[in-house]
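Presented sequentially are two complexes of chain A, the first with chain B as partner and the second with chain C.
Here is the complex of A and B:
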């Protein structure tokens, strides 16, 4: 029974990780770049929401909207400053370091918005459901469904709209997409905005189920998103979802059976093991094997 | 020289070792987020040798350098077939695993009535070598700077050797290197090992200077900073990383008046600097052009 309960808790929490990883994967898939400032842009959204909450009112809905919009705005800012000037093949390193610098900047701005370090974050109170001995927290079930809807909306955007088609074409080969008449110039901005929206939703889910926000959230979410993405397979959307759920599942079990202090050791150990044994991640090996990424040293 | 200036300069020199080790990895075309691991290993080895076994500093520095190099070779052997992002994340995992492990190891000791030894999150305190040998802060600064200059001279000499040129080729285009009979993996292994040695040596001095070390000092921020210094400074010459350190710590100290908004200004500045100089200030191209000019004048 404990096993089942822990598994369910882990998977419910893992749905938020999956959203974080999807944001990373989108950016990596389209731009072939790693955005170190991703977590901080989500932190910025959350901090802005807490700061504006007394001004706007609207309770949890207002907080949700500001978090998502703030994260998307910060994402676009990061793209303009760190990624669009470094599109060439030699720009991989420069964009990574620039995004690190902006990470520091956004973290500092968020700390200024959160003067007391730890602030309470609006949550939604729903009563816990229990059947045959298994307790499900109401807000976590809501979060799970929000994550499912967000992932569904992402898939719909990518596979059923012209914009999604353009994104996928550009991820495959930006030059060909451009030659066939795709307007790829602003695509980077749109991708970062989309990733920011996904991440903002994830940030709201995580922060409201914790009930608080601290400036550490930036580093934390960058790590979790990156690890979940690498576990599942870089640049693969199903991989990101599997990776996120797996990470939540593994963390819940390690915390339950071995204690919280072993959680991070196991997370990093698992990731190192997967990188050594199956470099492309669980579902993304084909991406690595085609050799394109390896040859471009990304 | 005031105490404050001397200790700031010492810190600049100590971080320079880490930046130079990041430089050596970048030369062969890899990005490492894990150089702080070898720095930490050097620091803990020196702490153990001097504080627990009462060993001589030369022995401590030697063992730290070797230990850093061996750890780097171990990492390299594990992940040599990875590159780019994969290598970066693997090195990050390695460093975080090491830090988390150090947090779990508790072997507190009592020597001469003082607590010392590895003690998990409390760290390793009372590394009293500089007190026992009457080293002033300025003396230690001189020691560190002399070591750093020696390393720089070595690297400058190294820069014009065939080995370095081949390593740069591996970093630029490993396929081309392969077709010219250079084995990329050998060069990558060797340079990652070397970078571990440099970082281990720097970590050893760091432990002696700080007299107290704890796992939290060797977090991912330290490694990413070292990497950032190298990229800002440029990959053209060993002076690049030092310029990066100077810009960061120099600017941080000079705009301390705005202390609250320091990182906001600095982060933006670095991003803008990278837009203007995407290859860093001392890029390989700029260095080659400079060399060309100097040579022509000689003739």
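Here is the complex of A and C:
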């Protein structure tokens, strides 16, 4: 029974990791770039929401909206500053290093918005559900459903809309997408905005579950998102979802059976193991193969 | 009608086109021959708006297109099928075709769906591979997809850049019969080729491009009788 309860807790929490990883994967899949400032843009959204909360009011709804919009805005800011000036072959390193600098900048701004280091973050009270001995925490059920809706909306956008068609075409070959009439110059902004929205939703879920925010959240979410993405397969969207759920599952079990101090050690151990056995990540094999094509284009 | 006048394009200090003038008539197949590095691809890229000319004019149906963006030129009805196919390898055949219609307005959704079916009728092999990713297709199938994708924008004129490159002889025959068929359907064609023998079967007019300049212009008959061209392109002595 403990095993089942822990598994469910882990998978429900893992759905927020999946959203974090999707943000990373979206940027990597479309731009073939790693955005190191991703976690800090989410931190910025959360910090801005806490800072503005007394001004706006609206309780948790206002905090949610500001977190998501703030993260999307910070994402677009990062794209304009670090990625759009370095689109060519030589820009891979330049954009990553530039995003490291903006990571520091966004972390500092967020620290200024959170002068007491630890601030309370609007929680959502939903009653726990229990059936035949299994208890499901209300906020975790919310995690799960919000993640399902967000992932559904992402897939709908990518596979059912004209914009998604252009985004996928541009991920394959931006020059040809331009030749077919796509205005690809602004797609980077749209991608970062979309990744910011996904990450912002994940940030709100995680922070409201914890009931607090600290300036460490940026680094924390960059790590969790990157690890979940690498577990599932870099640049693969289904991989990001599987990687997120697996990370949540593994962390819950390690915490329950061995204690919280072992959690990060085993997370990194799991990552090492998967990268040794399957270098492309769990579902990343296809991406890994075609990745060579992508690498030639960069 | 596409009329190019005194067109020059440079890559930095290197002048790839040095004042090229040529016309491609409506309803005809016009072929540009020339050795590697003659500026053939540069000419098509400049006409399609990928490269900006340093001087000269590109007029299509009377509208000046020189210096316009690629999406705008496509909207005028001039579509480029680039060399080496360049399909979207990770997208399905169907999505590749839909991407070809990206330029068309949302309100044309039903016409686009009809055109999609027309492409599947014209290229049955694409229908068989509808849900496969384009990267899994053979070279000839990718070339057909690339042509069909360009047709999805409903162009008046196609700019075809070496469609026979790297394909087996049987497939080359098929590609050229597709070119003739498209031309019979009323689409004007500006064809860049190295395979002069095959080009003779379809083209109405020839240009020879050499070192960024037009070195010869004439009908297929005139070309076949030109000693220099015979030796260099038709392999006769």
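The definition used in the following text is that the second predicted complex is superposed on the first by the 290 of 298 C-alpha atoms of A that agree within 3 Å, B and C clash if a C-alpha of one lies under 4 Å from a C-alpha of the other, contacts with A are read in each partner's own complex, and residues count from 1 in each chain.
Throughout what follows, a residue touches a chain if its C-beta (ideal position, glycine included) is under 8 Å from a C-beta of that chain, and two chains touch if they have at least 3 such contacts.
Note that this is a predicted model, so its numbers are computed, not measured.
S.K.: Does the superposition put A:189 against chain B (first), chain C (second), both, or neither?
M.R.: neither
S.K.: Now for A:124: first (chain B), second (chain C), both, or neither, which partner does it touch?
M.R.: In the superposed model, A:124 contacts neither chain B nor chain C.
S.K.: Just chain B (first), just chain C (second), both, or neither: which does A:177 touch?
M.R.: second
S.K.: Taking the superposition as given, does A:166 touch the first partner, chain B, the second, chain C, both, or neither?
M.R.: second
S.K.: Of the two partner chains, chain B (first) and chain C (second), which one does A:250 touch, if any: first, second, both, or neither?
M.R.: Neither: A:250 stays clear of chain B and chain C.
S.K.: In the superposed arrangement, which partner chain does A:60 touch: chain B (first), chain C (second), both, or neither?
M.R.: Neither: A:60 stays clear of chain B and chain C.
S.K.: Based on the A-chain superposition described above, do chain B and chain C contact any of the same residues on chain A, and if so which?
M.R.: 293
S.K.: Of all residues in chain C, which touch chain A in the complex?
M.R.: Spelled out, the residues of chain C in touch with chain A are 48, 50, 70-71, 74-75, 80, 82, 86, 88-91, 95, 98-100, 102-103, 106, 135, 149, 153.
S.K.: Quick one: which bits of chain A touch chain B in the complex? Just the residue numbers, please.
M.R.: 28, 34, 36, 81-82, 85-86, 90-94, 96-98, 100-109, 112, 219, 226, 230, 234, 261, 264-265, 268-269, 271-272, 275-276, 279, 288, 293-298
S.K.: Would you pull the chain B residues touching chain A in the complex into a rising list?
M.R.: 26, 29, 31, 78-79, 81-86, 88-90, 93-94, 96-97, 100-101, 103-104, 174-175, 220, 224, 227-228, 231-232, 260-264, 266-272, 274-275, 278-279
S.K.: List the residues on chain A that touch chain C in their complex, please.
M.R.: Where chain A meets chain C, its residues are 162, 165-166, 168-169, 171-173, 175-183, 290, 293.
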